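Note that the chains take the letters A, B, C and D in the order they are written out, and that residue 1 is the start of every chain.
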Amino acid sequence: AGGNDAAAEGACQPSDVRLVGQVRNESNPYEASWLAGGDAYAKSVGLTQERLTYDGDSTKQQEQISQLLAGDTKCLVMNVLPNGDSDTAPIVKGADQAGAYLVTQWNKPADLNPADHATWISHITYNGVESGQQIGDALATAIGGTGGIIALQGILDTAAAKDRFAGLQASLKKNTGVQLLDQQAANFSRAEALTVTKTLLTKHGNHVKGIWAANDDMALGALEALQQQGLAGKVAVVGIDAVPDAVKAVQGGTMTATVSSDGAWQGGIGLAIGYCVATGKLAVKDIAAANRAFFAEQFLITKDNAADFVEPKTNPADFECANVFNRVAGPLT
Amino acid sequence: MSVPALEVRGLVKHYPGVKALDGVDLVVRQNEVLGLAGENGAGKSTLLKALVGLVTPDAGEICVRGEPVKLRSVVDAADHGIGMVFQEQSLVPNLTAAENIVLGSEGAAVRRGVYRWDTMRRLAQEQLDKIGSDIDPLARTDTLTFADRQMVEIAKVLRIEERSQHPPVIILDEPTSVLESKEIDTLFAQIRRLREFASVIFVSHRLDEVLDVCDRVTVLRGGQSAGEVAAAGAEPRELHRMMIGSTGSDDHYHENAAEPVTAGEPRLSVRGLSGKTFHDIDLDVAAGEIVAIVGVHGSGREDVCRALFGAEPTTAGEIRMDGKKIDLPGTRAACAAGIGYVPAERKIEGMVGPMSVAENMTLTKQKARCNGPFVAPRKQAGLVDRWIERLSIRTPGRDTAIGRLSGGNQQKVVLARWLVGGDIRLLLLDHPTRGLDIGARSEVYRLMRELAASGVATVLLADSLEEAIGMADRILVMNDGRVAAEVACPSGGKPSPLDLVKEMV
Amino acid sequence: MSIPVALEPAVLQKKTRAAGRLTGYMPIIALAALVAALTVADPGFLTQRSLTAASRTAAPLIVLAAGATLVVLCGGIDLSIAALASLSTVLLALWLPDLGGLATPVVILVAAVIGVVQGAAHVLLRIPSFIVTLGGLSILSAVALVVSGAGTVRVVDDSAVKWLDLYVGGYVPMSFMVAVVVVALIALVLKVTPLHSWISATGYSESAARLAGTPVDLVKIGAFCVSGACAGLAAVMLVSRQFSGGPTMADNLLLPAVAAIVVGGTAITGGHGSVWRSLAGALVVTLLRVGLPIVGVPSAYEQILYGVIIVVAVALTLDRSRVSIIK
Amino acid sequence: MTAGVTAAPRRRTRRGAAFRDAGPPVALVVIFGIFAALSPQFRSVDNVQNIVDAAAVLAVVTCGITFVLMMGSIDLSAAGVMGAAALTVSLLVANNRNDNDFGLLGILVAVLLGCAFGCLSGLALVLLKVPSFMATLGVSAAGLGVATLLFAGVQPNISDSMLKGWAIERFLGFSCLTWIAAACVLVGWLVQRYTRLGRYAFAIGGAEEVLTLSGVRVKPYKIAVFALAGAFYGLGGVMVTSQLGAGLVQAGDGYDFSAITAAVVGGTLLTGGRGGVLHSAVGVLLVMVLTNGLVQVGVSPYWQGGVEGLIVVAAVAAAVIPQRRRNQVVK
């Protein structure tokens, strides 16, 4: 580790800072809100965010990063969603060499830690095991503690998919009356979830009392499938992400629960942390170890509290340098 | 006399490095069959393509019934009543015969883009009736025999009658080169019938045919008109002289003096060879011997030939070269055993059009142009140039794409492919003179003789019975996939064509 | 029966020799034009560091495209290259701890063998290469998913592949050098041996090639073998860059690789083309992939521009005098 | 004029379905039989309905691609065109993003947009002489770009009751979408058999140069075929929107390769000139039976893709066995 200690000092003029947000694409609501959050934050400090999208293509992400780092990196701040765990290491290495400020989110291998690096300031994620379990429990309650459920998994080789499924398994251990009838990958995709759900519904017929989906997109696909099979309202559905449509569905009672991950906040907070360090308002060495890699606060959203989440509430105060770690729920485990 | 149906004056067409047409004049009278003769590359096809709008001439004039016209496309030409049956067949294999016949001028058969199959069938039927063909108009074209497809072509070209009020001009570019003699007779009957209401231009390298069916013959030489003769009473030799500018040798087939080596092990020995279309074939060919196989379409002789080269699966039997058994199929084994094959379908199977003469010539015997595993450009150049000269192949150079040569010269390159290695022991020639002019053919015959004299065994599927009789030492007659007869054919004691025909049917 | 009647392509007649030569340089011209356009859009783009980064980025794509070019020249297509490269990254990451430096050649060998198996299936079972390799794609992906346990395999000690991440003379990325050497090597071998004749003959007219005794089947299997080996090498480059292997790591390189081949001007129908063209094509595609977003083209417009530019680039580079019918 | 010749008695040649076409239907029956034997749920009426319903979109897309493949060209634009059509339709019918409520007209516009994208592919092929592989790949990228522009960050959900109803309402046990797909197959078949466009597409795949020699201007037909295919993709995008209740940029993800696979499995040759809409319909069913069957018999999700690939290759291999000819060229 090590890296460029001078850069870690942070002596950039606010106007020299270059803010870059990179996500997979602009064509899903969650990531679109991330970029919008980044734009809003940049505007609040009188800058603009450069948006990069890589189509969920790992190689393209790396290519963009190395091209980016080949330019002017003196006051570069990057808020990056690595495509998968494996994509984090090269990004970190590149940022290290170039002395660019980096915040990563969602994906990183367990043995790679910001604390060992000078300009990789922080890694932010949500606790997938916890959320997977929370919605599992909510589902169990919704079906009255007994009955069969099916699970829709995300892209199998992502940490999010695996953690969330591990959470479901933990929940199943607790709720012994609930039986996992079947589990299939629907790759975080609404369309795939639709077909897979239909097939599983015919396979297991009315044994299916609930559907556990590793994200809201799939949950929404499952809802469509239920509607088409004439089962709308008869089978409970849970998801994760709190995308607006899902929150509305929870509010309206067609979905049982989802878990908040706040895209707009994620898009802003990464830039904010980087900006604070780059301009010297925050020193890397002063950041508590627990804040270098943390789970962000998340909330189980059910009918009771759904109304609070219909509008994502990002408060400009959240992005002030003193508050950037306000949503830390705990260190990464 | 009435105005000529078609008149061409001073037509010129240049290609890079070649003057294909160099001021050609041509007159086609009404209701006559005009023969067009000339060596390979004399410019016949180019001239004809200009007449149907496929080639834009650089200079000169085309007049239809006295009116000068500019023909820009096949449709243009058809509107003027000119239609052509191309040197290579041009039907869409996966359409029905009826569709092919009306293709491009469907008329009432297609209304607002919608097919009326009954009308189409009727229209096609009418065309087929004109030429007395009994083909089912709704048969898929690729299920028809070659001769039937030729009929479809003619029926199709006759559709131009519907487009122009005037009697049509029908152009037939080498229509007989792939037909059997019986089919040729039918075709000639058709041509004579056509003459009643149309003018016909007929091209063939078989001069006797030309004189037989035509009223008048125009000869092209080097892109220019070299003269014309009335067919009645004219001799092939006379035509030939006009084509090449001197008298050709009379001994067309270059009768051989040397006897084949019949003693000892035969070069090729085939026992009980069977496949899908042939059964239980026994065949011996001695070194230096030429054996012709004759038979009608469907007799299976092409397939036997391909099987010997490993290009067609066999179900039983064995093949020995000089006593050594060879493992077929797979053309590699055959090549390694010194067997060479010249396929009939030159354009598809014989040559690789976009590749150069040099590459085509050395494709098989790579060793001949390599030092060790590496291509030696000098060695290749020397080798190729030597063979270009030896076979007098007319080409701008060894790096010219073979597709740009005339048919005869292409064929020579394909033949040379097997000779450049100097290790050829058995040649399988499937219609090696198809499409060649009389001079080129004579050269191929001479080459065959030379090779035979040097000990190469040859199996020949001849273009005509005469060719088989002229060239072969022995003739196998095949019928229905089996060897029906074997006829000795020594020089001095040649059988008559009739003797063979008896066995063929 | 449906012998293509020699319709002289009008272009051919008009084209002078000089113009003919020009088409050979078209891929380079397209590349230069693209760099110029990007520089105009963002003057900061044309720097040495930026070019160095782009060439490093392009390396795996060059290698993938070069290998698959051989299959395309033979008239086929290899859709499995990216999936095979992904699988190879997993295998390499799994084997590096045990095999060390030996892992690289072993993985390339395994990839080559997988190429041979697909080639043999295509040739022996007579299934179109499109289908064989599409099937291969899904099978190899499944295998990669299973052997990796559906996750990324981290490479902790990357010393055995680190050399690929060095710079020659401080500027030229080693992986780019290797890619160029591979291209040069393939081109050289084709040029000085009969292979070039065999491959072109197979691509232009398989039946004629076969009847001329060309070892068509072997040539095709060989092409798939090289294509596989190149996928393996591309995987090594990716691992050296990513410090890990993943079951979907290279999957998204399939269409860019095919695009590189076609943008280079190699005829997708076979016969005409070269690996050098694919090198230029891969650089064009890479610049489009990374250049457009970096110079600030918004994502949606980037995709539209990518589509337009790639079509125009092919329109420029394809030498139509060699192929009369474009399908 | 013509000296009338007495019509000779007609020879009849065998017409109709050929043995060589039997492979895919037989494979379909065999694979169906195997799954039916392995899994009782698989052979339930519900599941058969489910399979057919699930096949609807793929059938429509494959219908379009079949015409392109018949010409010997290829089309990879489905994903982009479907995405663009999905966003277009979801923003034109009643939805949560704007006040539009154009109903059927909106659907028509989306289909026409698909048609226009198809035209672009055709024009690039015919005028710029860019091979269809590349032209359509470019058009696909452009389509995704347009879709992303329209998406603009907020998921458009549709509330149009007719469009939503297509996926939900049933007639004779099948969803409306399935009937729409069946109608598309029928239309496709009629176009293929009874129109100049269809027959010329077939002929272009058989021998394009011959058409030119016969004075047929091929270019307009090629463009028209791509436009027709584009219209089918556009409709496919609309159908996906109906199923998902929302306009997704990814609506067409994967349909390009699945449709080609289905067409080829059904016996349409990539080299053109063979096969057709009915062949493709069989191919679609085969692919859907496979996907569904593998889930029903409980093959691990890790392996499903691989097993499917293997079976597709095996099915094609089995289907080509009776067609092997001497010296056959397989590309």
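In the analysis below, a residue touches a chain if its C-beta (ideal position, glycine included) is under 8 Å from a C-beta of that chain, and two chains touch if they have at least 3 such contacts.
Quick caveat, the model's predicted, so the values are computed rather than measured.
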Centroid-based (C-alpha) most distant chain relative to chain D: B
C-D compared against B-D, more contacting pairs: C-D
Rounded Å distance between chain C and chain D, as computed from the means of their C-alpha atoms: 29
Centre distance in Å when chain B and chain C are each reduced to the mean of their C-alpha atoms: 42
Centroid distance [mean C-alpha coordinates] between chain B and chain A, Å: 72
Touching two or more other chains - residues of chain A: 25-26, 156
For chain D, residues contacting two or more additional chains: 144, 148, 206-207, 209-210, 212-213, 302, 327
Chain B, residues touching no fewer than two other chains: 54, 86, 90-93, 311, 349
Chains that touch, pairwise: A-C, A-D, B-C, B-D, C-D
Contact footprint of chain D on chain B as seen in their complex: 54, 73-75, 78, 86, 90-95, 99, 103-106, 110, 113-115, 117, 125, 129-136, 138-140, 143-144, 156, 161, 193, 196-197, 303, 306, 311-313, 349
Sites on chain C touched by chain A in the complex: 44, 47, 49-50, 52-54, 56-57, 60, 145, 148, 150-154, 156, 238, 241-250, 252-253, 286, 289-291, 293-294, 296, 298-300
Residue ranges of chain C in contact with chain B within the complex: 1-8, 13, 191-194, 197-198, 200-201, 204-205, 207-215, 271-272, 322
Complex contacts: residues of chain A adjacent to chain C: 25-26, 50-53, 55-60, 62-64, 66-72, 84-87, 89-90, 93, 109, 111, 156-157, 159, 162
For the chain C and chain D complex, residues of the former touching the latter: 2, 4-5, 7, 75-76, 121-122, 125-132, 134-143, 145-146, 150, 206-207, 210-211, 255, 258-259, 262-263, 267-270, 299-308, 310-312, 314-315, 318, 320, 324-327
